[in-house]
Amino acid sequence: MSNPYQALIVERHKHPLHAGRPTQFDAQGQGANPICGDAVRVYVSRAGMDVHYEAEGCAIMNASADLMADAVEGKTPEQVERLHRDFEKLVTTGEENHELGELNALAGLAGYSSRIRCATLPWSALAEALHHV
Amino acid sequence: MSNPYQALIVERHKHPLHAGRPTQFDAQGQGANPICGDAVRVYVSRAGMDVHYEAEGCAIMNASADLMADAVEGKTPEQVERLHRDFEKLVTTGEENHELGELNALAGLAGYSSRIRCATLPWSALAEALHHV
Amino acid sequence: MVGEAMSVALESFNVEAAREDFPILKELVHGKKLVFLDSGASAQKPRAVIDAMCHVMEAQYANVHRGLHYMSEKTSDAYEAVRGKVAAFINAASQDEIVFTRNATESINLIAYTWGRSALKPGDAVAVSEMEHHANLVPWQMLRDAHGTELRIVKITDSGEIDFDSLEQVFADGKVKLLSITHMSNVLGTYTPAERLAKFAHERGAKILLDGSQAIVHRAVDVQAIDADFYVFSGHKLYGPTGIGVLYAKREILEDMPPFMGGGDMIASVTYEKSTWAKPPFRFEAGTPAIIETIGLGAAIDYVNAIGLPAIAAHERMLTEHALATLGNLEGLKILGRAQDRGGVISFVMDGVHAHDIATLLDRQGIAVRAGHHCAEPLMGRLGVTSTARATFALYTTLEEIDALAKGLQRIRQIFA
Amino acid sequence: MVGEAMSVALESFNVEAAREDFPILKELVHGKKLVFLDSGASAQKPRAVIDAMCHVMEAQYANVHRGLHYMSEKTSDAYEAVRGKVAAFINAASQDEIVFTRNATESINLIAYTWGRSALKPGDAVAVSEMEHHANLVPWQMLRDAHGTELRIVKITDSGEIDFDSLEQVFADGKVKLLSITHMSNVLGTYTPAERLAKFAHERGAKILLDGSQAIVHRAVDVQAIDADFYVFSGHKLYGPTGIGVLYAKREILEDMPPFMGGGDMIASVTYEKSTWAKPPFRFEAGTPAIIETIGLGAAIDYVNAIGLPAIAAHERMLTEHALATLGNLEGLKILGRAQDRGGVISFVMDGVHAHDIATLLDRQGIAVRAGHHCAEPLMGRLGVTSTARATFALYTTLEEIDALAKGLQRIRQIFA
């Protein structure tokens, strides 16, 4: 199994680009894993898919949320749905997919089935938010 | 394990000497093993320890009941109790005991822990009967 | 299976080769070759099962679920993979419909405690047949006594088959909400017509539970084709280890069932005031599961699949026919049950010889059969006996072993003549 | 144990020799030597246990009880002999006080379902502590919700010990009829003063249940000296197989308990109208038991006895002292709990690093620790954390492994600095 803690993951965990609750947003969604206490809340602004989040959890979840916010910026809901699907595939199979760009940093999770949910939790929260938009 | 079906056992099973309900008796006791349907009823006449029985069960139980009736004839209750104890020891350890006489034919049971109860059932019924005398 | 398919299956199956897979079959008993005709109580284990269990303990073990390290991940994956294997083996729609228990007995009790006490109301009735194992009778008596449900008995015919007239009567007033019935009798060898019974129950608004403890070993089972609501069996009769059993239930039924035992792994979250339950199947698996045994069960299923249930069924049919013919000819011996559709479980009684004496005397010749009421006391009453002797066949049973049994019985007859 | 006795025990114990008994310790993980510090979740198995289980399956297997043939007799004898071993191991007055279950979780649920629903009346209270595993909390919640008993929580002090003031309060109104409490915390490593607690409960007319899942592994337990009413543990933490657990209860309590599950082996007789129950312990063991696993547990107990719990306890005390000193010195790392009387279970948190990240990063160095709430969610709240990382020691743990852990934690700290 390859390293799930690529430099990018640690970097985004320590210095996130999209963390924090925005003053204005159109919808929100949340995810929680009571087993480890991971919790995330995702905020979406309709205008050109602008995503922020508040996260309390492990480095994998925090970084995944931040990279997700990057990746979905300006995308349509359909494109986001597609990315979500591809991302799930990436973290379960470990097969990199160049369309996923920096998200590929999480491919190393594939060997750690109990950690995969850490990475996908922000995506579920985003899906919930989009459902409410 | 030695043979628990000595000729004497088969013989007594086929041709018992003490089977049947006597017309007169002072006390009775019974034993049953619902697992196999074995059932025995033992009748005691106070005068000089005269024992009869009705049995419905396997050859081991039937023969054991018949040999028991032989062995206890004319004994005191204390002597019967002692025989009972020695008999239990015989069938669990397999060590013959010349004081037990023909009862030693059941020593071969020792290897068959699930059959030991077949041999001791008449003795429990007798103990119950003596308790009532 | 008939005709061509059967002979193909038979040809491809080599019992002598299969026997090599079972180390215990080389053992001597009282100096005689072991002839093990008690597989219906519990089957022997092939090398593949033994090896799989050893492998876990030697090279890949840790507690499952939530271990964030290699050994735990690998062990969890191996454990959960068996859920998929079991689902495929009985053709469940999803592996989430497979709950691991200790044995068939626990599976039935789990249903009685959870579904029975939530979906059934006092006054509702549960119907079982006259040929149930205690495991499929006592839990419903306990439910009756604790919860006020009724327990009804479906009669069997003299040939040992479900009496459909009796079934109609038992269902007539519409109170029966569960038909809980054996898929194959452990005393008479009878297969019950599972699909027909399921249709019958469903048309009358009842659910059906099939006790597959015996059936699963001898024929391919398809829970979707049967349309079973519940299906249960034990690993140890299927050439797998003890300590592991299976409960299959349709997803929507499991979803609505409250948990059975409380503890780790079955919760979503816990506070002192209130705990919320995990989804099925985990809701029903409290505490550290039988990890090593589950993986052993997976190996047993792989083993059976590799030989193929059609081949096993064909082999056992041949054995059964031979046994019925051979034992049926012995003087003073009576075989109980003569169902049209039957498998390799043969109970018999002998004039003037108690079943326990038969078992012990056969044992002295190395032949293992069971004797007693086979955990089916009420059936003994129905058959007018207190106990029977019983020979059961497995994939490793041979024609010669059946001949040895017949010869052994003849000898016993002589002793008691 | 102190002074001379301890050094004698230590001298006679050779950890490197003991490690040879555990084949898995030779495995590599991610190319690194396996450092297994998750034995508190489940321990690894010595060769003797693996061999005992293989032996049953290879040479001496059949279903137990009532088989009237050699293989069944021998297997039954081996199975029942383990009851005696377990009784001796915990100094029970009789082997009839030993009931076999799947695991500690089932043992507690069995008590809650049977004793709880018969001996307890609605309005009676069950008291547990703030540091219980879910296995000793959820069953009492379920009993509360189904049966109307109350559930009370005994506080712990900031050092992680039972708060006797709180205990007094909880018992003040005389409603508590059961104190159900861990004998050793699986999170904080705290030993609870079992004898004192038993005396306390008994003086107030309550019974005591001790959850010995962790304690049994590290110290000799004497249920008579403690005067425990119930004592439970699992085989798999005691170097034995999964799928087998133990419930000890005093004979007079077991005698009065109704059965838990219904089925074969637990009955005296069965008719449709009424079944009568077998005597304890059989009344509580329905269906085919975990035969192979029980025999494996017997081998585990023999193994532990051969080394001796005093030697194991001394070794683990040395490890624990070393770990507390070494880890306690690491910057940014906080060890939770500092009970006077504690064993080799150490939970910790690290500033700015989530426990899950610690576990995964240690795993990449071959070091297995557990992270999460350890099935003790309410305790996490009490400690003000959502999860912890936890290292637990076994008889095969070495000082070098603890140093490897410390080094690994330092490296993690650097990554996240």
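Residue numbering begins at 1 within each chain, and the chains themselves are lettered A, B, C and D in the order written.
What we mean here is this: a contact is a pair of C-beta atoms (placed from the backbone, for glycine too) under 8 Å apart; a residue touches a chain by one contact, two chains touch by 3 or more.
What you are looking at is a predicted structure, and each value in this text was computed from that prediction instead of being measured.
Enquirer: Need the most distant chain from chain D, centre defined as the mean of C-alpha atoms.
Expert: Greatest centre separation from chain D goes to chain B.
Enquirer: Please work out which of B-D and A-D is bridged by more C-beta pairs in contact, and write that pair.
Expert: A-D
Enquirer: As a quick test, compute the distance in whole Å between the mean CA positions of chain B and chain D.
Expert: It comes to 47 Å between the two C-alpha centres.
Enquirer: When the C-alpha atoms of chain A and chain D are each averaged to a single point, how far apart are the two points in Å?
Expert: So the centroids are 39 Å from each other.
Enquirer: Can you compute the centre-to-centre distance for chain C and chain D, using the mean CA position of each chain? Integer Å is fine.
Expert: 32
Enquirer: Between chain A and chain B, what's the gap in Å when you average each chain's C-alpha atoms?
Expert: Here chain A and chain B have centroids separated by 80 Å.
Enquirer: Multi-chain contacts only, two chains or more: what residues does chain C have there?
Expert: 30, 66-68, 70, 72, 269, 356, 360, 371-372, 377
Enquirer: Give me the residue numbers in chain A that touch at least two other chains, ranges are fine.
Expert: As it turns out, chain A has residues touching two or more other chains at 1, 34-35, 112, 115.
Enquirer: Report the residues of chain B in contact with chain D in the complex, numbered from low to high.
Expert: It is residues 1, 34-35, 111-115 of chain B that touch chain D.
Enquirer: Considering the complex alone, what residue numbers of chain B touch chain C?
Expert: Those in contact with chain C are residues 1, 3-5, 10, 13-14, 34-38, 56-60, 112, 115, 118.
Enquirer: Mind listing the chain C positions that touch chain D in their complex?
Expert: Chain C residues touching chain D: 23-24, 27, 29-30, 34, 36, 38, 41-42, 44-45, 49-50, 53-54, 57-63, 66-72, 102-106, 108-109, 112-113, 133-135, 137-139, 141-142, 151, 153, 234, 236, 241-244, 259-267, 269-272, 274-275, 286-293, 356, 359-360, 362-363, 367-372, 375, 377-378, 381.
Enquirer: With touch defined as at the start, can you tell me which chain D residues reach chain A in the complex?
Expert: Residues of chain D touching chain A: 30, 353-357, 360-361, 364, 371-373, 377, 380, 386-387, 415-416.
Enquirer: Touching chain B in the complex: which residues of chain D?
Expert: 65-68, 70, 72-73, 76-77, 268-269
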